[in-house]
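These are the structures in question, set out in turn.
Next come two complexes, and both contain chain A; in the first it sits with chain B, in the second with chain C.
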Partner chain A sequence: MHIADGIIATEVCIAADAISLGALYAFGKKTEAGDIPRMGFMGAALFVASLIHFPIAGTSIHLGLYGLAGILLGIRAFPVIFVALLFQSLIFQHGGLLSVGLNAINMGAGAMAGWLVWKAGRIPESIRAFSAGFIGILLAAFLMAMEFQITGYGRGAFFIAYIYSIAAAVEGVLTLTIINFFRRAKPDILEYGK
Partner chain B sequence: MKHSFLDKYSRLDSPIHRRDPRAKIVAFLAALLIIVTEPRGEIRSFLFYYLLIALVLIISRVPVLYVLKRCLIVSPFVLMAAGLMLLSGTPVGGEATATLFGARAMLSLSIALKAFAAVVLLTLLTSTERIHRLLEGLRSLKMPTLLGVLSAFMYRYVFILSDEMMRTTRARMSRTPGRLTTSRFTTYGNQAATIFIRSWERSQIVYDAMCSRGFRGSFPLRTALDFRWPDAFFLASFALLFVAVRVFA
Partner chain C sequence: MMNGVIFLTSLVIGIAGPGLEHGIEVDFVKRAPSVIATCSYTGSGPVKNAEVLVYSPGEGDDEYQKGGTDVNGVFAFVPDAPGQWKIVVDDGHGHRKETAVTVTEEFFLSEETAQVPGEDAGTGKIGFTDLPLWLRAIWGLTLIFGIACLLYLLKVKKLIQSGNDRA
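Up next is the complex of A and B:
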């Protein structure tokens, strides 16, 4: 799901970079000195957790955890995801450098959607946790498909987004498991993003 | 603690390695921009772009096999995009049906060539400079402060947390060997949760220690970067060569 450079039209990438820098300013301006180590650690944890691969149907997928980032960090998830993507681009070439803004919008939107779902207080927590993980991946996949269509790839990219719904379901179950673990072992971790 | 996936080969010695990180960032970004803004379907100039990139690769002494492995990692996504363009893309202009497939094939090829050139350039950038110096270069090129500080934190702690992950993975594998079953989703989830909780607790300890040493929300640069005439020459010649290919090829 990490869009490499040269895949999407450069104008779209540069516009997305400008938008994501604006979002970075908007979401990051209330960041206090005390938040920075926590955001840095959680960013590193997201980065490392995304290295966990698990086997499915003869292949392996890795965690994205965008919904979980939204739950844990709230609006601070966007800057953290941006930096994590910058790292993935520089270190693993997962995603391009010019398209880092585009990837940040896709995955940051997934995190924000996960955060909004998590904040919907009346729904049982287990459903919110699953939905946050599920939407976090699925929204990112559909935004990516839209960007492919804008660039002239046709509607075929939406078929791939549908395939991502399987990964989204797996991510939903894992997010639910992680939230249950937090609730048992360290419930205060869930208060930070609110 | 040894994680070679981070800035591997950045400690080699070559004329490219010796350049100031800011010169390399600007030069590689300029090359990247020139390549990705190449008109779609245009593939002739890529022969020259790849020749230039190969020249940089040889001078940098970064192993070719390592760069090819990096290309292999991103190849599923690039091939998916190229395949999509081939099957359902809409080339610019109203080509007749007989030539439509040909036009799509050229577009697919140009997309793949651009993407792999970008991957090789990025690999060369991170293989010829240590990550912390690249980050310092980005900060001195006026990267937003929040990004700079977050990057510095992530760079420091990604090693520690990678060790943490290796330990928890070893523990998980020793307890739950075999095939993935539904119950093992819980195991994977618990492993990720453990990493988050340990990070959370450690972040508080680190922050308290940093405050006691005077941390106020930003880091000073660790080492002074030194931009000299050879760096300016490298930057100008590197960018001009790519511009020349764009203009004349």
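Up next is the complex of A and C:
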């Protein structure tokens, strides 16, 4: 899920970094003081989520929580994901430092998709919560697979789609569980991204 | 704001240090005449059937050996010269690691056996990435909460200042 340096062309990574920094400014500039504690906690959760691994099909995949970030933060999910990815790269060596922008775009897009799914009215909340978690990580994986396909790298997009569809199901159930918990314990937290 | 940018930049440069690695850890055992490497995902299982490229010292981009890890994440090569040997491990789905192992003159003269866990480009120094994972996780969480607190204080200070200006 976290693209390492040396896989995608340096020029593409630099362009993605520039786009990401622009998005970081655009989505983060109107952040209010009241948003920051929530963003800090979500950033911490995203940061450690990557440590929960699942060995599968000869590789290793991990939780992302991008859909949950979208539900709880809306557009503020992007700056949080960017910072979490930066520290994951520096501290855990998950993903390359130069590729942070590209990874942030992939995963930020997943979070935005999760947020849009969550905002869709009329559909029961449990289905929206599961779908947000499911789509959040699957879209990020799909974008990464497309980038690999274009670069001609790796074992193919179908392999990535296969392993991440399993991760997406796990993530969907986890997101649903967390949302159900918030609904019972602190329902106002779910109104933020709406 | 400028102080915040300087702080974050220093932080990034300070953490990055010499050489960055990516999600895969490689431990070397040097046992003449071969160097054996064991590849594993950080905090997870072996890197199975990954592509491995070996570059000899001073040979630039010409591969000395191209091969792969076995199901236990192990591969080996037989160096023919002393120096720093560059190793690139790539699992084919985004995890990649560039590292180096130093082969000394003594390696060729005697049967040298040395465990080199997480050797950092042959310098022998223990780097930040050699710290236990839990310690790095706590360090990262502290940084994230620290940055959040700093931003919160700056925002609140700005709000108080604008309130005072209006008054």
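Criterion: the second predicted complex is superposed on the first by the 177 of 194 C-alpha atoms of A that agree within 3 Å, B and C clash if a C-alpha of one lies under 4 Å from a C-alpha of the other, contacts with A are read in each partner's own complex, and residues count from 1 in each chain.
Operating definition for what follows: a contact is a pair of C-beta atoms (placed from the backbone, for glycine too) under 8 Å apart; a residue touches a chain by one contact, two chains touch by 3 or more.
Keep in mind it's a predicted model, so treat the numbers as computed, not measured.
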item	value
Chain C versus chain B on the shared chain A, clash or fit after superposition	clash
Touched partner set for A:89, first chain B, second chain C, both or neither	both
Touching partner for A:97 - first (chain B), second (chain C), both, neither	both
Which of chain B and chain C A:174 touches, first, second, both or neither	first
Partner chain in contact with A:154 - chain B first, chain C second, else both or neither	both
Touching partner for A:25 - first (chain B), second (chain C), both, neither	first
First, second, both or neither for A:144, with chain B first and chain C second	second
Chain B versus chain C as contact partner of A:40, first or second or both or neither	both
First (chain B), second (chain C), both or neither touched by A:162	neither
Chain B region in steric overlap with chain C, selected from 110-118, 164-172 or 236-244	110-118
Overlapping contact positions on chain A, where the chain C interface meets the chain B interface	2-7, 31-33, 36-37, 39-40, 43-44, 47-48, 51, 55, 83-84, 86-87, 89-94, 96-97, 148, 153-155, 160
Residue ranges of chain C touching chain A (in the complex, touch as defined)	12, 15-16, 20-24, 41-45, 48-49, 88, 90-98, 128-129, 133, 136-137, 139-141, 143-145, 147-149, 151-152, 155-156, 159
Touching residues on chain A, where the partner in the complex is chain C	1-7, 31-33, 36-37, 39-40, 43-44, 47-48, 51, 53, 55, 58-60, 83-84, 86-97, 144, 148, 153-155, 159-160, 163
Of all residues in chain A, those that touch chain B in their complex	2-7, 10, 13, 21, 24-25, 28, 31-34, 36-45, 47-49, 51-52, 54-56, 63, 65, 72, 79-80, 82-84, 86-87, 89-94, 96-98, 148, 152-157, 160, 170, 173-178, 180-182, 185-186, 189
Interface residues, chain B side, partner chain A - complex	5-7, 29, 32-33, 35-37, 70, 73-74, 77-78, 80-81, 84-85, 87-92, 111, 113-115, 117-119, 122-123, 125-126, 131, 134, 144, 146-147, 149-158, 160-162, 164-165, 169, 179-180, 184-186, 188-197, 199-200, 202-204, 206-207, 210, 215-217
